[in-house]
Every structure is written in structure tokens, then in C-alpha cells.
């Protein structure tokens, strides 16, 4: 079992522990080499009950024994004071206030909610892409009143954004700026939570619309793939890929798939002539994110697995490979309109949600951003 | 009941009458105001049997009484000599030889097969788009040896091509040439025929590949939307949209939907500035193909129905509107990379297959290309 | 168009007009030969809006023009005073009070809700089975305070019960009492209303449980197939099949099907030896309910359609036959444990819901139970 | 890692290695503590190719490295001479001749095919039920010409039979003979192999018929749950549960589920009064098959897992529990017609197919029926 820098078990709490993302956090953290589940938080309706009675468990593996009889708490900071890390799987309507209160209590939150993604001092981190954005944390802490020593919020991206920015980052690293990107998604229903999409709306159907999703993808991509600019006044700002303007057009669809977002992506590079499909395949295979090189335990062996078969990736066959922690790319070929097109598959409940938060926390531990006592 | 020009019932034959497309031909023709089903042709395995015993009927309405006891014939021209029109629902592996033999016997064939779509003297007609291409027929007849008086082959397009070229044609008519088009399809399994896609491959899945489909869409679009050029030698040729080169990039996916192809389309116009989304909506609503204005009985009231709701069209709700003879468009909006993007839904077994052949035949009757005695 | 006894258009109102059952009522009544939609009732949230803006329309045909601009009313009797018939598609949590208030206002209600099905003076009528139970209406009217002249409540059965009691009734009519019946259902998700069953719970899944459903089927069957006993005191009571006790065992399952409940049924007759499968088939084909013989316009030609193919009925192929107003039976064969087993398919949103209420109203008109002025 | 009696690796071969069952054998055997995959056999079309090129791999885990480059052989006994055990995943049309030839070559075959299930000297073994039937093997060997020393055929049951005979066996062990059993299945499409059920036939549908399946279930149940009778002539015969005649009625349906057969079962016991639901639950939980007590490594901890939640088992949530090697039972309750009813879920590709063959082989090793050198 891999060791964290200090060789200690790190106590973690989970907010929204009875929800879909919370259940996924529990499933993953129950077998984590560093993190120990210490507190489970949920709404007042669940508080006071043992977890087994509070939850409507929907995972395909049983409830881990370590949490079965744990008494669920309300989401108040005092119950989580001993936790070095808080994972939040809260719904957006609750996350805003609760996460703010937890940060004010000097707690470190890794959130899957959308509420603070656009905050200019909160990093939006896809762990296989832009771990460097953790450098904004001191500024975030300084801006609080009173300034914080340990507390902060780190968010991860929307499940549809996460999957395709990983290959985009690999391509920009190898070939320089991407100028435009057109992406059409075919998204799994688990991305909408539970109960989520009614069966009547999705069996034998496609819904060519997901409220707010296209705008999220188009905006988040710029924050994630952009850098951090240092202002003359010493203030850091996310540059939104501004030095090399990147135009993104997303079309988002819901399809009758349980887990796994499939996306058709076309890109145009600034560099002329653009790379060939074979060069693109090689760059994707070669991509090694920092999270791999510094040894985050939840990182997959293949950040990007490149398929050679003409009909892959497919969600049903490929979504659980490497526990869903990497992404699959296939059908890399020329695009007659832009330069290169390919298909991406990302497991929206793993790398698209809980796994991202967990690797973000691992990065923060290894980089000393989370203080482990 | 509408009258054809001569007020006569027109005898028609159906090739491949027991297959999926053949069954759809029968369902539609059994209630057609002009056409009378006169002969059913199928493989030697079915020949000699009454239709009811030869077919594994998969339509949701019962076998029409007019064909129930009709004895199925082999696909030899002598059985079809009395037919003014032959509809072909043959598979590609049989269509090449049989359709050629029928044409040599001076019969008029409207084919759903792909075999002759690329023939330089065979028109590839989407009836709500390029009926003008019927003008190549005399040249086709003259090229046969001996030259033909009545026989010819007209093909209709691949089901995925058909749906999206209708709005593209409406846009070119209103705003001039389209310069590039990027289309991502989510195609129904009925497009692959029967037995077609195994359930194990498609339930809870997306298959991001359909062999040959992308190439078909990219090529057929040019032939359909292009014009006919008159050479100095008096020879007509399809110009493949050459005067205004059009780049098309298609990404084709199979999704767990029974009927109805959904497509996300982005286009860039040559005209600068491009039309606004509202202008595009109005042009789509206003589009009136020739087949409507000259009174083809199977043409829908709305060639293009434009939805205002944000989440439409959807295959399960919209595919049977107008008996699937028109197309639905929704979500017309700006594309940050090209100019305009929108969603198209087309019923692949109706306007995408049998209905196209039937309207093509109606056009040929009204234009005098088919000689009705 | 068929005439009602008095040749007049009959004004009807619809309660719960924006819900799933209400939408089905509208679709069917918009083309009804006798009934004219006069008032639409819904919750206060919808009241005051034109129907088009109040409803989230989920039918596969467009909103009928006759109701598009009709202003939705609250479910208060005064708005419905001119209606000779009220159809109720209300949810169970609202139906109890509202239907009672409407009856008190001397209105005739045909309800699809479960609230009054077990009331000893309310008939539970499957229109192709037990129209004779309308004879309890005078007693129901007399029991109200003050007694009513025109008002009453008639309920129809649960969608799963409806389908299989039709063949059971045909069998009892031909062969005498059934002694025991074991039925296993595979029910469509539309039976649970909208939003109903989450997609995450039913795609690639079977849920072997529907709360309360088995108990409903076991109880309702007895009320429907039983007679009405006249007590010494002149009081009529439903005899619950008591003279020939009937044991029913139901196992109810939800399957990933949009519309159409499929059921595997085994029965044991009192008569020894029991009828043969061929005799059973003939009895099912021959069954002619009163609603057919007296000319209810919404009754199908075949109350029970008997399939000969070994693999029918199937929901996707057979559920819309005859507009879903009849039932399909197939695979009639010997049961090694009881006597005879077979498969039933019933369209749960048609004969299993709105169509039943409508035929019940037609029966009531033809029998003079509803007073048409 | 558990040890086999002799502590040696046992070489095994797989017939039909490229098919669906063969792929499952490979996935399971690649991590088996005793068995080493030594030869892969398939049709002449595949023979000579490395496995990776011969197979169209459809499992959700990658091809195990141990077989990736193994050259596929034709199914001739000489290639398998070094194998102590042969697993057969052959299709029925090939299994008859090939398995017979292998047995004649004195090889021990554990077959998933149906061909020899009804042979009076071939045991039909569900490993958690009737391992005692291995005692017929010496008679089978003696009947061959020339008599065999090591070769034999053991079959396992049809996937639908396997699941429900396990709880039936537990109930007979606890409460004595079952008199009648009525079972309705909702079977996954993977039970039909690949390509198997067309997507067009099963999406949004139920097919209430599987050719031959009901008869198989009704017959196999008697052979499996019956004993072996010793005739006066020393000849052993399967008694088909004859001392306590058992009537079985099966109704088999195909539903849109990838893996996992769900079954609704009602039973009547000979014992009066019958056991209560609670007694039945306890007997199911307590059931310990011989395969568990003697230490077969592939046996699950819970042969029968009994759910307390009202809506379980469900295929999507429960089919992969314990790697699909046990069965799940839920909803144990009284049956108003017979005595007790409940729901069974069995993973048809695991305990319903490959896992059964493997545990049968483990039993044969531990009992000395397979001679390990």
C-alpha cells in the first residue's frame, strides 16, 4: 500500500453522503490507502440514523462495512473538526452555504458541486490536467475575513467537461494551442443524479438538451486549459486561455446509457500544418500528468487509453476499465472541416465526479497544500 | 383522394418485399391514392408462397389485406412487365444485378439500395431537395445498349444523409452556399435492417462507428446539394457542389433507439455576416419544396417542422409526426466555432427510406418521366 | 359517425387534464363521435393558463387544436356544471376529496383513480367485463345526503387488473367458475405515471416489486368477476365471487417497456375435466361483451385478439393494435400445475386507463344511467 | 491461494474459446488457483491465429495476458492430450460430435452444451445442488467401447434451470418433497449468446417465448432434483424425482436486460401444513452445499443470499455480487394458490454457465473423479 508523505492515516469527512456522488465517495474511500472515513454528513432528515438506514443504496457493491453503522451527522463544521479533508457531494442548492461555512471554519473542501467553479479565487481542477492551479489557494485564503490558514475550496469540473479536457490538454502540450473545438456529447443518465431522468423520457429516445450544460462546457474548458496570470498588483487571475483565444462549441445530448459519457470531438490547431492522426495518437498515449509522476494513488496507469479497433470506445465495454479513473479515446482521424476528430469516453461517476475530487485531494496532500498533522 | 394526372391506378411492383424496407413499402403503398401493389418479389426461398407465409412481419400494423394472399414471385423482370413502377427494397448484395436486369427490361426502378448512388448517370434524389436531378434520366436511357424508352434507375439517399440535407437545402436556398458543415449523428438501430444490431451491442450503450456511413454522408451530400453541369459535348454531369466547395465532416453513432435518427449539425455560410438564428428559423419554416407545390400526395404539410421548445425534437415523441414524411428541426442557435447549429430528427424508415422512394416516383409521374399508359 | 341515443353532442369535463391520464383522455375525446370537451380542470398552478402553456405534453401526436387555447380551470364543480359527464384522471392524493365534491354537486364521474374502487356502493367496472355492475348506481345515489338524481362515481380498475380479467371473464362465461389463478406481470413504466420510474432504476433492469399492486390485483379481480347479491333488506352488495371462491396469486414486476403490460396467466377451472387449449382459444375468440353488442363507439372489433404465432403478443408490436382498446392473448397451452396457461398483453394507458373510463361512460349513456338532456 | 489435493497446477483446455461462454471461461480461469489454461480450441476459421486476432472480445475486462498470444487450435483431441480437464463452451451444433470424440480419447469434459444433458449415463450437475450425481461416472466410462479410464462427460444445466433449482434444493432438504412448482422467468439476452437477440426485437419490448426453454426447465429440474436409483441388475438410473412426483410449469420470457435471469417462483410442498415464509427464509440462508463444505475455491460465501428489502433482487444491482457465483432470493411470502412464492435472481453467464462448469470440475478433482497426475 502506497504511503502518503507522512505515513499517517488522514481523516476525511463526506458531505452529502447519502446521495449518488456521496455513495461513490464512500465506495472509493473505503479502500483508499491514505484516507479514513471519519464523519458522514447529510441533511437533517438523515442525521442521527445509522448510515444503512439513512441511505437508499444504489451501488452494485454492498455498503462497505466501515460505514454501515456510522451515525450520519448534519452538515455542521463542528462535527467535522477532526477531518483534514472534506469531500462534498452536495447538491447545488445546498452546497453554496454549507461549503462556505466549512471553509470559514478553516476546513479544506474538495467539492463536486458547481457553486464555486466560477469564483475567481477558487481553482477548478481536473486532476489529470491542471493541478498547477492549486497555486491560487494562498490567495483564496488571504481573501477570507479573517484570512484562513488551512481552509479552502477546490472544485472539480462538470462531468462532461472533465472527460474531453484531458485529451485536449495532452494535445496542447504536444502541439501548442488549440484554436477551436467542436464537441457533441452523448451523456449517461447517471450524470443527472437520482431520481434524475425519468425512464419515460429516455428509453428508446435521445434528449438533445441538458439545461446549462453546453454553457458550462464552453466556459469551464477555458478556465481549466488556461493559465494563471500574475497582475502588476500581485493578484493572480485565471487567464481563460486568453493569450491564444480558444473557441468551443458544445452540443449536449442525453442518451439511454447508465454510466459513461461518449463525446465526438473535432479540433483545429493553431499550428500549421496540423499534426497527423498518427502524431495525435502518439501524443495521447505519451501523455503523463503530474498526478502520475508524483504518485497519487488513485491515478490510473493509462491517463488516456487509445483504442485501435474502429468501433471503440463504447460505454458498456470500456467505462469500468481502470475503475473509470482514466479516459478512453478512439477513432483518431482527420476532420474535413477542422483538423482532427476523435471519440472520447469518460466515466462520469468516476473521473467525472468522485474520483476527480479524490485525486485532487491526493495532489493537495503531496504538494503540501493540505496540512496533515 | 388526390388524382394522378391521368386519373388511373398505376400498377407497381416491390422488390425485396419481405425485408424491412419492403414491409414499409407495403404498409405505405396499401393506402396510396395512385399506386396499386401488383407484384411482390423476393428471393427464391420465399417465391411461390403467399405473402403471409413468406414474411416475418415486424410492423406495428397488421399485414394489409391486399397483399396477405398474394403469391410472392422471384425477382425476374417478366413477372413485373405490367408494372409502371418498381420499388426496390433489396439488400445491396442483390440489388446490383437485379436492378440492372430490370432496367434493361425497360422498367422504371426507384431504389432504396446504395449500389447505383454513385453512378454518374443515376440521380440520387431526396424528394424534398433535388427533384431537378430527374433531368439526367434521358441521358441515362441513351447510355444503355440498346437505349431505353421507359426504363431507368432513380436512387434515394442513405437514411442519415436524407434527414439533414433537407434543412441544408432550405438554408442554401435562402442564404446562398454553405461552406462547411459538421454533423454528428445518433442513429436508430432500424437503420441497420433486421436482424441488424445485436441487443447485446446496443442496450445501455453507444457504438461510435457505423461502417462506411461517414464517407457516404460526406459524398452523397455533395451530389445531392450540387447541380448538374452541361458539358461542351452535351454531356450532363453532377457537379458535386464544385462551384462553391463544401466541406462536410460526419461522425456517426448508433444509439439504443428503435426509429429516428437525431443529428447535431453546425454550418458555416459563405455569406458574411451569416444569417441570425431567427432568420434561419424563418427560412426553415418557409421552405417549400417542389414536391409540395406540384402536389405529390405523400408529401407532408410541413417539409421542415421547427420546434420552439428547448428540448425538441426527440425521436420517441416526434418521429411519427406526419407519418415520418417530414423532418423536425430544433435548437437553432449560434455556433461559437462555425455560424449556426441546430438539431435535426428524421424518421429513417419513412423519409429516410421508403417514403423517399415513393415521393420520388410521384414526382416522376407528375413530371412525365414515368410514362403512365 | 355513430350516433348516441339522442343524437346530441354531450359535453364532458376532464379533471387532472394536464397529467398523463388527462392527456390521454384529451387525445381520445378530441375525436370522439358523441363527447365534446367542454372544460379542463387541473391544479391551481395550472388554472388560468391556456392549456398549451399549462401542460408538459408527452403524447406522440400534437395537442388537439380544440383544447390548445382552452383556459384551464380549477377542479371546482361550478366550472363543470354544464357537463353531463366528468372524466377524472386525478392522482390518488387529490381524487378523494375532489371526486366526492363533484358527486355531491350531482355530477356523473368516471374515474381512473383508485380512491373509491373499494367503496361498497361504487362499481368497479372493466367495460368489456362487468357493465352489469352499473345497476348499483341507484343505491349509491340514494345513500348520499341529500340523495342524488344524476350524480355518481364509477371507477375503472387498476391497469394490471384490467388486462387479465377480460380473458378470465370470457373463460368463466364459457366454462364456468375459475377456481384459482396465478398471474405474473411484466408491467410498462407508463403505468407509474410521470415522472414515475427513474431511468436509473429500470434501464437494463427488472424491478420485481410494485407497491400495493399485487394486493390490488388480487382484490379487484374478485369484485369485478363477482356478482351483485340482493340482501333480504333490499340492499345490494358485491359478492366478491363468494359462491365459487376464487384464489388469485399475483406477482408484479416492472420492466423496461414504455407502454403495454404483459402477463403470464395460469388458471384452474372448477369444471373437471377442464377445457382443452383449443376450446379455450375458441372461447376467447368468440367472446362478445355487452359493450360491443349495444354499440359503444370506442369498443374494439376484437375484444380479445388471439395470436397463433408462438412468440406473440409482444408489447412493442401489439400494444397499439385497435388503438389499444382490446387485449391480445397468445400461447394458450396446458399448464402442468394448474389447467391452462397463456400470455395476455393489454395497453395500460388505453384499455388499462382512459379508454376504460370512456367506454364506461358510453355504456352509461346507452343504458340511460347518464341523463343526457 | 487455496491448494488442490495434490498441490499441483492442473492443465485445462477450452473448447469454443472464442465464443461468449468461452470468453467467460477464460476470464474466470485466468485467475483460478488450481487450473492453468493450456490449450484454446475453436473452429478451423480461428485455428492458427493468436487468440487476440481470432476473438471478437466482448467482456468488460481486457483479454487476460496469459492467452493474448496463445495460438488457437482446432478442436481435435490430440492438441489437448496434456489437459486433465476440458471445458466446453461449444455451440450445440458442434458439441455433439466433438465432445464425443474427446471422451473417446479418454479426456474429461465439463460441458456447458445441451447435447448430452438427457443422456442416461451423463450427469446433469448444478454444483450447489447435486454433486452426488458424479457417482454415475464409472457407469458412463464402463459403457464406452472400449471402456474408459479417465474420460467422461459432465454437463451443467440450462441457465434458467440452474438459478431456481438451488433454492428448490434448499427447500426440499429442509422441508421434504416439493409437489408442484410454477415459475415465470424474465431472462437476460446474454442467455441467447452472440449475436443472439436482435436489438429491434427486444428494446422497449418483452418476448414471451424462448424456443425449447420451458420444456428444458420442466425436464432438467426433475433430473437434477431427483436421485439415482440402483436397479436389480446393478444399473444406476436417474429417478427423475419419481418417488415423489413433482409437477413443474415454466413460462419463459425474454426482457431487455443484459445479464441476470429474474424468476418468480411459487411452490407447493407435500408436507402439510407447509413451512411459513420465515421458516423458508431461514432454510435458504442456512443452506450449505457440499461444494462449500469440501472447499471448492470458486464457490461463493453465500450460496443463497436472501434479501430483506421489498424490491430486491434486481439484475442490475445484484447480478455481479460474489462474481455471480451464488443466487439471490427475495420477497419470500405466502402464495394464495400454492404455498410460498419468492423471486430468484441468477447470473446466467456465471453460475448459469461457466462458473457451474468450473465448480463441477473442482468437485470432480476433490472427489477424485478427475485423476490429477
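Chains here go by letter, A, B, C and D, matching the order in which they are written, and residues are numbered from 1 within each.
The criterion applied here is as follows: a contact is a pair of C-beta atoms (placed from the backbone, for glycine too) under 8 Å apart; a residue touches a chain by one contact, two chains touch by 3 or more.
Keep in mind that this is a model prediction, so the values were computed, not measured.
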item: Between the pairs B-C and C-D, the one where more C-beta pairs touch; value: C-D
item: From chain A, the most remote chain by mean C-alpha position; value: C
item: Rounded Å distance, chain B centre to chain D centre (Cα mean); value: 49
item: Computed distance of Cα centres, chain D from chain C, in Å; value: 44
item: Numbers and ranges of chain A residues touching at least 2 other chains; value: 58, 203-204, 256-258, 316-317
item: Partner chain A, residues of chain D touching it in the complex; value: 58-62, 203-204, 258, 316-318, 320-321
item: Footprint of chain C on chain A - complex, ascending; value: 58, 189-190, 194-204, 256-258
item: Chain D residues touching chain C - in the complex, by the definition given at the top; value: 180-182, 184, 186, 203-209, 211, 218, 247-249, 251, 253, 255-258, 262, 264, 266, 310-317, 330-331, 335-338, 341, 343
